[in-house]
Amino acid sequence: MIAGAAVIVLVIGTLAVVAATAGGLSALGPWDWRAVRFTLWQAALSATLSALLAVPVARALARRRFAGRGLLITLLGAPFILPVIVAIMGLIAVFGRNGLVNAALAPLGLGPVSIYGWQGVILAHVFFNLPLAVRMVLHGWQAIPAERFRLAQSLGFTPADTARHLERPMLREVLPGAWLAVFLVCLTSFAVALALGGGPRATTIELAIYQAFRFDFDMGKAATLGLIQVGLCLVALLLSRRATVTAGFGAGLDRDLPLPAPPGWRRGADTAAILLAAAFLLVPMSFVILQGAPRIPALPDAVWSAAARSVVMALISAALTLTLALALALSVAEGRSWVEAAGMLPIVASPLVLGTGLFLLLRNVASAPQMALPVTVIINAVMALPFALRILIPAARTLRADYGRLADSLGMRGMARLRLLTLPRLSGPLGFAGGLSAALAMGDLGVITLFADSRNPTLPLQLYQLMNSYRMADAAACAVVLMAISFALFWIFDKGGRLHAAL
Amino acid sequence: MLRFDRAETRLGDFALSADFSVAAGARLAVIGPSGSGKSTLLGMIAGFVPLSAGRIEWEGRDLTGTPPGARPVSILFQDQNLFPHLTVAQNVGLGLRPDLRLSPDQRQAVVEALRQVGLQDLANRRPAQLSGGQQSRVALARVALRAQPILLLDEAFAALGPALKTEMLALLRRIADRDGTTVLMVTHDPDDARAFAPETVVVMDGVAHPPMPTGALLDHPPEGLRAYLG
Amino acid sequence: MRYPALALLTGALTAATPVLAAGPEFTVYAPDYFASEWGPGPKIEAGFEKICGCDLVLVTGDVLPRILLEGDRTKADVVIGLNTDVTLRARESGLFAPHGQDLSGLTMPVTWTDDTFLPFNWSEIAFIYDANRLKNPPATFQDLLDAPDDLKILIQDPRSSVSGLAMLLWVKSVYGDKALEAWQKLRPKVLTVTPGWSESYGMFTDGEADMVLSFTTSPAYHIGAEQDTSKRAAIFPEGHYFMAELAARLKSSDQPELAEKFMEYVLSPDFQGMIAEANWSYPSKLARDQLPAYFAALDRPERTIFLSETEAEALRKPALEEWLSVFAQ
């Protein structure tokens, strides 16, 4: 509860400080409203596509067993944690004018297809967020106790029956959440929209905020836009709550029973879903690696010290996120649903507004370079919170439903309950959430421009510095390092959590 | 003595009231149609279901407001009585200390409790590696170790076969006799009631009726109960 | 230490912190790119500390927004790296003090008389192309507008990039009332508009487009650092828009002598001599023959266009509306 209140204060407080410093909110011009409309439209479309495409992929992954399946699931999660700039490099290598797709289409007399424009924004958003949606839906599949599938089999359910009685209720519960998560991520999209959007047609709210700060010096407008973002978040959250229906499968004992894998055309369809998703998500990343890897040995030492610094910051940030998220999730599971809304707020809080607000609040306490690293850590932790919550809340609810009364009747409270029940039962989702938080913190440029400390750049900042110094080849190599570390952090957390859960 | 003093609970348009006393050491069956509120009655005693009026007393002490873990109560559910990630010994040990920081004496007590239910060799297994009957015995071992004066059974053995169920009831009786435990057992099986409980509480039409002799009740059931018993 | 993990952490966070120089702290705000070991920051820090007896603290980030947020409570003694397009706004804040330098020896194609903002480098914006890929680059701006639409160019958003804003003023200066038509002709050739310079330049080097909006001095990097002479600036007889980066003193500084010394240092041969290869631009006060030899190979426009800050400010809003009306379609 305290954690929930703290998050609200941070998000709303920084907004208020920015507005107060500006002497009030400013009215918006027609271009700003256009940005609001475009933002909503692209976020809704991206979310719908990501959620729908996630279903066949997650189902295929849930019911098929093949060598390297675990690795593939982890790999498919990678785009979500890719730093935007790295992902865009990869997408252009595949879908750009000189890319793989156009090269393949040209001899057939087709194309060229253009990645630039709204279709590029949607493509990039689906690329980023399909992994998130797949993971959420896959979790949903795995949360149906294997006993239920066994029961279905014994009742002679056809795959269609299984879909109707088990899978569709699960999807009704999981999909609104997945849709909302993607929608909210896309609401605050900034760099993606501008790099691939092809111009001001594809201006998002976050970009408008950036422009208000940087070029108009209009903090009032920034605060107004920030407020609109928060408002949109609350509306979306409310809508998704309406749409969510709890499936109520109850608990199963932790037996590892494989899900039924229907043969016939469904096997072919599953294979196709997995292969297509893997190609769409992994080929762009392979290109980034191919382009950058050869230069890695030549990278200057500064890159490596920046990498070390970023890793430490990402770890602290992830620890902070997990602590907050666990406290919030347990509180939500106890029925305090406003806490959930509080925890989801940061997803649409503009990092720029957040950063500027903190900067204004703290300017009399510490100097900017002193604030740089701690503030970056805090903001990264808060920005990752909604994702961690999305993962932890359902798990915490299930935990409470299944074992809450038993633990209560045995008088398990406080640290003992945390140590003996909560942590071990939630280690899987905790590992996943921790990996996600660490990786997101690793790749985030976020508020660093306002708070940058030149003597201690983070790895993403270093990457931009390389690009700004024309060193595109070094930047490509740096991108590979950044990607590798983000990925390694995620993998270690996720694996650690799942290993522990399997004990 | 366990006393329901015009105890009442409301959950939406569902209501259940109870106003009677149960002597310490009594064995009671709780029967009634599905959805009549048998589990709710147990939940009121265990502290999961808050009272909207009245009070529940144990030996003259008001239990209202006491959290579930601090009540003189052990409860066994139909399932989910064991934590799947903890070993058998840990699951039993929770009955002594919810933080599992056991002293050597307490560890010995856990071993002893497991020996009494015949599971001393399975102390380091996890519940998923046990059969249903073994899982029930682990839960009973914890009940024995906690030695709370009130034991609530919410269809705890409903999933077991007749032979196993008889075995569990016997084990239960042994533990209850040793400690003089007051037992309330929700059951759907009239035979269980006859075999185990001299008295029976009928839960029907929003009321938990005062205990009546089981034999007489089942031989001449009142109107609503007759339909349920068939 | 009792907490080895904490020690490790502190160590990692501060690993790159150089040993502090002796003397009072002297705070300089600069853009991000200054900080990298290839940027001018480290050289400025070393060079100035040699003569000032102070500890120069370089703080990087968005310079002007930060100064405006902090107002007269800012810790900055001087700023470096402001752009010509923000001078009006910066001046109106009343936070800056005259630089006190003699401007007569500047080696810039425009006459500079500003007594507050001191230029330390300059260049013009231009479209860069790869001579191996684009055999017949447009010879004039008009040629560019009239080129077939499959000639693809990359530009930057004037609302988030200084080069993008300079392009806006460039088109307005060259085409005046016909600027809207010029943008309409350019529109189908624009592959995409990126938020900053680095994104579009990266796409250009990846071969995504034929030309990219950058600087007349951009080819210097490719010649100097990569021995690659294929990157060229397309020089248009209509003229090229001028951009300079500026340094300025803060009124609120309690170390005016050091600030004055820093302004002197900015125009000193030591500072000016490193600009060419640290910024890949022309230094503001350095004779041609003192530049690295390959700078002579750079194509130079015959005409340099520069608007006064009041002219630029007056044009900015309507020009932006024009641009938006074309690019938001």
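Every chain is named by a letter (A, B and C) in the order it is written, and numbering of its residues begins at 1.
Note that a contact is a pair of C-beta atoms (placed from the backbone, for glycine too) under 8 Å apart; a residue touches a chain by one contact, two chains touch by 3 or more.
Keep in mind that what you see is a predicted model, and the values were worked out from it rather than measured.
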Chain whose Cα centroid lies at the greatest distance from that of chain B: C
Two chains sharing the most C-beta contacts: A-C
Rounded Å distance, chain A centre to chain B centre (Cα mean): 46
Inter-centroid spacing, chain C versus chain A (mean Cα positions, whole Å): 34
CA centroid of chain B to CA centroid of chain C, Å: 78
Chain A-touching residues of chain B, taken from the complex the two chains share: 46-48, 67-70, 73-75, 77, 79-81, 83-86, 90, 94-95, 98-100, 126-128
Residue ranges of chain A in contact with chain C within the complex: 21, 31, 34, 85, 88-89, 92-93, 96-98, 116-117, 120, 190-191, 194-201, 203, 207, 210-211, 213-215, 217, 300, 302, 305-306, 308-309, 311-313, 316, 356, 359-360, 363-364, 367-369, 373, 448-457, 461-462, 464-472, 475
Parts of chain C lying in touch with chain A, wherever the complex brings them together: 9, 12-18, 30, 32-39, 41, 57-62, 64-66, 68-70, 73, 75, 89, 152, 157, 159-160, 165, 190-195, 197-199, 201-203, 205-209, 218, 221-222, 225, 280, 323-324, 327-329
Contact set on chain A toward chain B in their complex: 251, 253-255, 402-403, 405-413, 415-417, 419-421, 424-425, 501, 503
